[in-house]
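Two complexes are shown next, each including chain A; its partner changes from chain B in the first to chain C in the second.
Our next item is the complex of A and B:
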């Protein structure tokens, strides 16, 4: 870089940061906030994108010169982050350029080499595609219960959509599930049970307006740094803004909270009920809101634990979703046992702290935001805890208004946009539709141009994630294809699933295909590895936690022979569907002929044209007026079904609007020819100010309490469902006396396949440590740096002890992160899941700890 | 040389002190203070070095947030090597 270039780059850097801080130096070199695309550095080509890492969904501008990324800038036009990124942003380019990037297809000829560093050889794409296609077709034709696809909340929207379409309509299989099952499923089932529509009413702007923040089992300071920065900024700029942190261990988030309340595992259920009880018994709830908006229910209780393979089919397992209406008085009576005294005794939280928190929700003027992630979702009663959080926000009317609301955070960049909105789950179809509902199947058939009744074959949900891996371990899976995840490290109970020991050797007999960018634990078990494009090496879209869909443009080419995932999916689909027909037409062409030329083995258009075409088909799901047949089903025009689908509740805009606006939060409404986002769903008010004016006018009722209208809920009333305290699946005993909690830390994202290739991040946090209290260390006779063996009923692993780690567990609880493949903590983690959401509880495995001598 | 810019957020009563501390650090230049926010640039040899410097800010008493705004790494020798593969 010569001196003039250097001066120019530095002036750009100062101007952009000043603009992001709303300072005075943004006019340097004519750059201003809102024009980072033009301002950034000046020489290279600029592309809008979204950060590849967590679920915050921060916008970035990529600058490219000679097919190489040369700079990244926080995108001031993306309203999720307004120009600010966390320090992981330094590495957005570097993740593309790790030394061991996969650039050619790999094939394993000898399955006995699985689990080792050996056994994979280089192959041509043609050989790899032929092998994968023949194995999939053979399994499909023989017994389609023996095949599965395991996707991801990191899969871009259009790729997820086409994968689901291939699996559900092409193969007529529901054995497709995402890794979002491991992190968001409890939130999803909670949303669907309460509101009959997924994803929050509020948005990130609530952070700028809240008076009180309550974090429930969420280490936002490390897992969602940008949003935590927004939280702390609000605390600094607002008078008397408070933050309560609730959890079972102290974290970096606790350090900056005004008050931390440590509770015993699972008693968060009781704490939420205690708050609800206080509101109800003292008539401090929002009576008008309750009368206008809520219905009350209770459900199946004493539901046991989904530890054994037969749970789902057991008597209780089959009834876990059942609910029945109750009166408000009956609901109050169910809450009555949850006094401050009882809850304090159960949870260990002092009565005065519980009372202080309850009074926050009783304060009619306080705008309260509850935030939660894995502590709530990865919970043997995860769905119930989601219910209980909504209960207190609904009773107090603190929802769907700026600064006010329960907000479920996500961990992956497109857990919402792809896994949830596209519906890459075993029970779902796109846009919140489910396979078991005939109206939903008819609607999907209309959009996919399938004969009526075609999807009836998939009316029964397929295998959820844990079931997929349990069946594989038993030898009941012939073919597994995974993409954008690292299951061999992130799944619980890896002792079983990786076939350690004599039993459960099914992994060695299952033909496993892994789409990857780097060698991982999962590629060690793959029969075929497809080398694929990473992040901006192709165009895609992410949907983040605030319902914002954003496009990331293709900025550089993939290295070597690495290809777009979607191309590999199309190439396998055309081979497997060869000779099949749908409605008298070639099946592949019927499903994908609009984007793919199978004779040319390539897409008909470029990345942009392909993505736009897929999006425009996907968009029909939320714009029924684009398809006459779909519109009639949506409107229930002939009275065949129970009512209207109201699919416009998730309305998406034309593709190019997202490029023009750098992301939009759905539902996106066309008002006088302009597409306007919605920041607060169900809240009546001007659409141009971000309220849900169009939705309320179309399906809702203006003028109800708080001027909100839950028009997508059954009877337009969300359900307050009483859910009691029930204990963890395991409680400490003399054999396994400690609770073991797992989680994520700042430097490494998930299983570390991207961040651990970055030397500085790896140096900053080079190894996984077992965080323990000094009290427990003394009792066990171990000290910092000692190696210990951690053993559970499920397996064991060795790890180094630290009393000065990132988290500070209380006596009786220990913590370790899951990023380190050499410290495979999931060997010992239970695969017990929430019976409703089927999401595993990673937070409460009971373990013993023994010092390793020498 | 990698050039990056950040907005460092502080407790309001600590802004001046943090600003002075930042200005003392190698490769760091303070350009502007706006309320409790400080605009800085970092000039360092590589992205790794830049990240190390930025991450170190959290240890300064009074720092509440570190936001990366812009990072230009066209002259990072380690990236140039990787990108040419």
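Our next item is the complex of A and C:
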């Protein structure tokens, strides 16, 4: 599809002429024009909100009549989407009203019924809460290593904050991790390694200013529809705007690309190095930028694969994070093997295409945006690939200025806001702080009013996601609580984790609590199900990929006995912490007395007041001047620590500012009594125009190359770390000859538990199909509609074949989406993860495919 | 490449146009697909348009649902694009607003 402006106008003229020729003009027939998207009737009460689904974080307006959500439309005042929406957003109103909403607590008395549709009975909240609390307390008292909480990038910010506080300060446990581990962890480790601060320097406005887009392993047309609309809009309205699409399969995103480059799995590492090599060998990098801003390193290589349980503790596993400084010349020497010829041979991308792409980065005037998601992150070298993308943008100085920059797209509505910014990871504390750093622990103790040294007990990180489920499968987990996710469908290697074989039966012995809104694969394995409020049935906040925090207001009441997740967490916390003390005070009151009255078993205020109170405490982390003790630690006032924390680099505004502005991008700065967002971090310029004036003035140096100052990085210099090409964990052989890629498609969100209950979306995309090339079909003797068995070293599943699916894989590669629980593709997906980020590689399990006869 | 695309658009659009004269579509429209969509939601495609956007892009949609000097929409029985889908906020521009050219992002198959 050609989508340049000129092409579009010309083709439209043709369409006009042909319609006229056919003599079907509606004016002649008396047809009137419709106005289908003019918005809702406008009679109901309206609330501002943020979409429940992907990481775009589109603002929406909810309209309510008689306590029922009747319409959801794009919010023109939210600057992330400016009124745009996608089909999932338009049908949000229906996600609340599926026929099988869970409205009463459920208890399973016989764990042998797990995995079936039977065995759950209705219970009172009191019985369910008592049971869960007694199990958690028993496990906690006996062996703290045997409990875990698995959260989510869909958990609202204040809920994630309170969950982390309960787990880390209340239970003194680091066994808490989010499903964002499956999604964004490689991006996070990349950001921390390169910049020592998480999340992009740029913003969505860069889409409106870029000259060249490069998508790396990202099917934005289906997974980030609103941003893709902005990309194609820029392509249509800008002069000579180009788009290069790089991936291992052709997708809808390839449709608008000027050039699609299909590479062999993992050779994206080599392609990025090839571009860097071209820039360095030909002195086409930005020399002033390199001199002013960059330091060079290399790290541990030949790191093998994290397939076995013992990997993290192995000799190489323990050294994967190590790096050492090198000179620019040494860096250049490491790149030297990545010539166009070598890279072309390795990747299968023609030399002239590689050269064309390299020249994009060499063009000093071109504003280039690199965009990536799961193809890069769900990668056995996912962290390395994030590094290599930053390397080419840093060498060319194409970062932190409008229209320019490496932009890591995020998958979930609050992977940034909650999982990353609050820090619901096993190694994190709020606001980029980590448990192993004593200054970070002291700072957190100051804000949570804990005695000095109280958090030293949690200085060792807890279990990451894959480890939680591996340990569970071996019977080493006594208690697991999950919320805002559907692990029994979304985790890889479900054959093992769901106890499908003879071994690994641990799931049947682990006491599992699931917060849910509908029956899912995960509730089939739950011992207790808490029925909870869905989306705008309570107030919450999401933080999206461009650092925008936005509030969604409570619009309707939850159905039946369904309750706000946070209420269930408070009710369990007060029971488990009963009799415990912190600093001579009741432990629960010490942590949560500011919002919760345990005698009344309820919050002290309404949804708004509760959220505001939590936000105002959370906000101290990025506003140290609000707390004298925290401020002294942030400033390193007594010289105890290595330096300043610079916590203001993520500064958040007072809660009501977010309601007034329909979301703000952090850092948010108070200038003459007004709170102003930052669109381009580290870039000096007027704060009112969205530049980081306040941050650069406080901690940075103005006047350096590009007038950028990376003030949060060590020595104010981001790290360019050389990372070589290393192969996938598995490569096709005669037994398993195909690469199997998994992913998301437009109509369905993740495991489909919400979108498949919307009849219109279910009809639009009713089943998961295995996309295959005609060449592979012919070789295997299968045709469209045939059922096949897909088998890997990890497990197997049955699926229907299609050569006309959404994606067009090349011969040797197949694709299927993961939204359909009846087509449980994760039974066969490897749980091998990136050794640095511990994020699984969902994109290249090797499989065999055989036709099922009959 | 561009030329062949335009030719394809011509052929496809003529075919669609003739189809309309003969009674709209080779398949009967699934009339009820938009019966219970939420207020303000993007309507679904009631007729089968499989592959049309994929091969023609927004042009393939505009040819029937867009406006020309004589009519809005161009094809009898087609739902007209709302005014906010046009550049400069109105159908007089005869050109789509650039952010509205990914038609299938909102209007999925019914």
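General remarks:
Convention: the second predicted complex is superposed on the first by the 812 of 854 C-alpha atoms of A that agree within 3 Å, B and C clash if a C-alpha of one lies under 4 Å from a C-alpha of the other, contacts with A are read in each partner's own complex, and residues count from 1 in each chain.
Following the convention adopted for this analysis, contacts are C-beta pairs under 8 Å (C-beta built on N, C-alpha and C of every residue); 3 or more make two chains touch, one makes a residue touch a chain.
Quick caveat, the model's predicted, so the values are computed rather than measured.
Once the two complexes are laid over each other on the shared chain, residue contacts for A:559 go to chain B alone; chain C is not touched. Of the two partner chains placed by superposition, only chain B is touched by A:99; chain C is not. Of the two partner chains, chain B is the only one that A:68 touches; chain C does not reach it.
With both structures placed on the common chain, the touch criterion links A:87 to chain B and to chain C. When the two complexes are overlaid on their common chain A, residue A:255 makes contact with chain C while staying clear of chain B. With both structures placed on the common chain, the touch criterion links A:232 to chain B and to chain C.
Shared-chain residue A:775: touches no atom of chain B or chain C. More residues of chain A are touched by C (comparison of chain B with chain C).
Comparing the two interfaces of chain A, the one with chain B and the one with chain C have residues 1, 9-10, 12, 14, 16-18, 20-25, 40-41, 63, 70-73, 84-87, 90-91, 93-94, 225-226, 228-229, 232-233, 236, 256, 759-761, 764 in common. Of all residues in chain C, those touching chain A in their complex are 1-2, 5-6, 9-10, 13-14, 17-18, 20-21, 33, 36-44, 51, 54-59, 62-64, 66, 68, 70-80, 82-85, 91, 94-102, 104-110.
Chain A makes touch with chain C in their complex at residues 1-3, 7-12, 14-29, 31, 33-41, 63, 70-73, 84-87, 90-91, 93-94, 221, 225-226, 228-230, 232-234, 236-237, 252, 255-256, 746-747, 759-761, 763-765, 804.
Note for the complex: chain B touches chain A at residues 1, 3-7, 9, 11-12, 31-32, 34, 36-41, 43, 47-52, 54-55, 64-75, 79, 82-83, 85. Remark: chain A residues 1, 6, 9-10, 12-14, 16-18, 20-25, 40-41, 63, 65, 68-74, 83-87, 89-91, 93-94, 97-99, 101, 225-226, 228-229, 232-233, 236, 256, 559, 758-761, 764 touch chain B in the complex.
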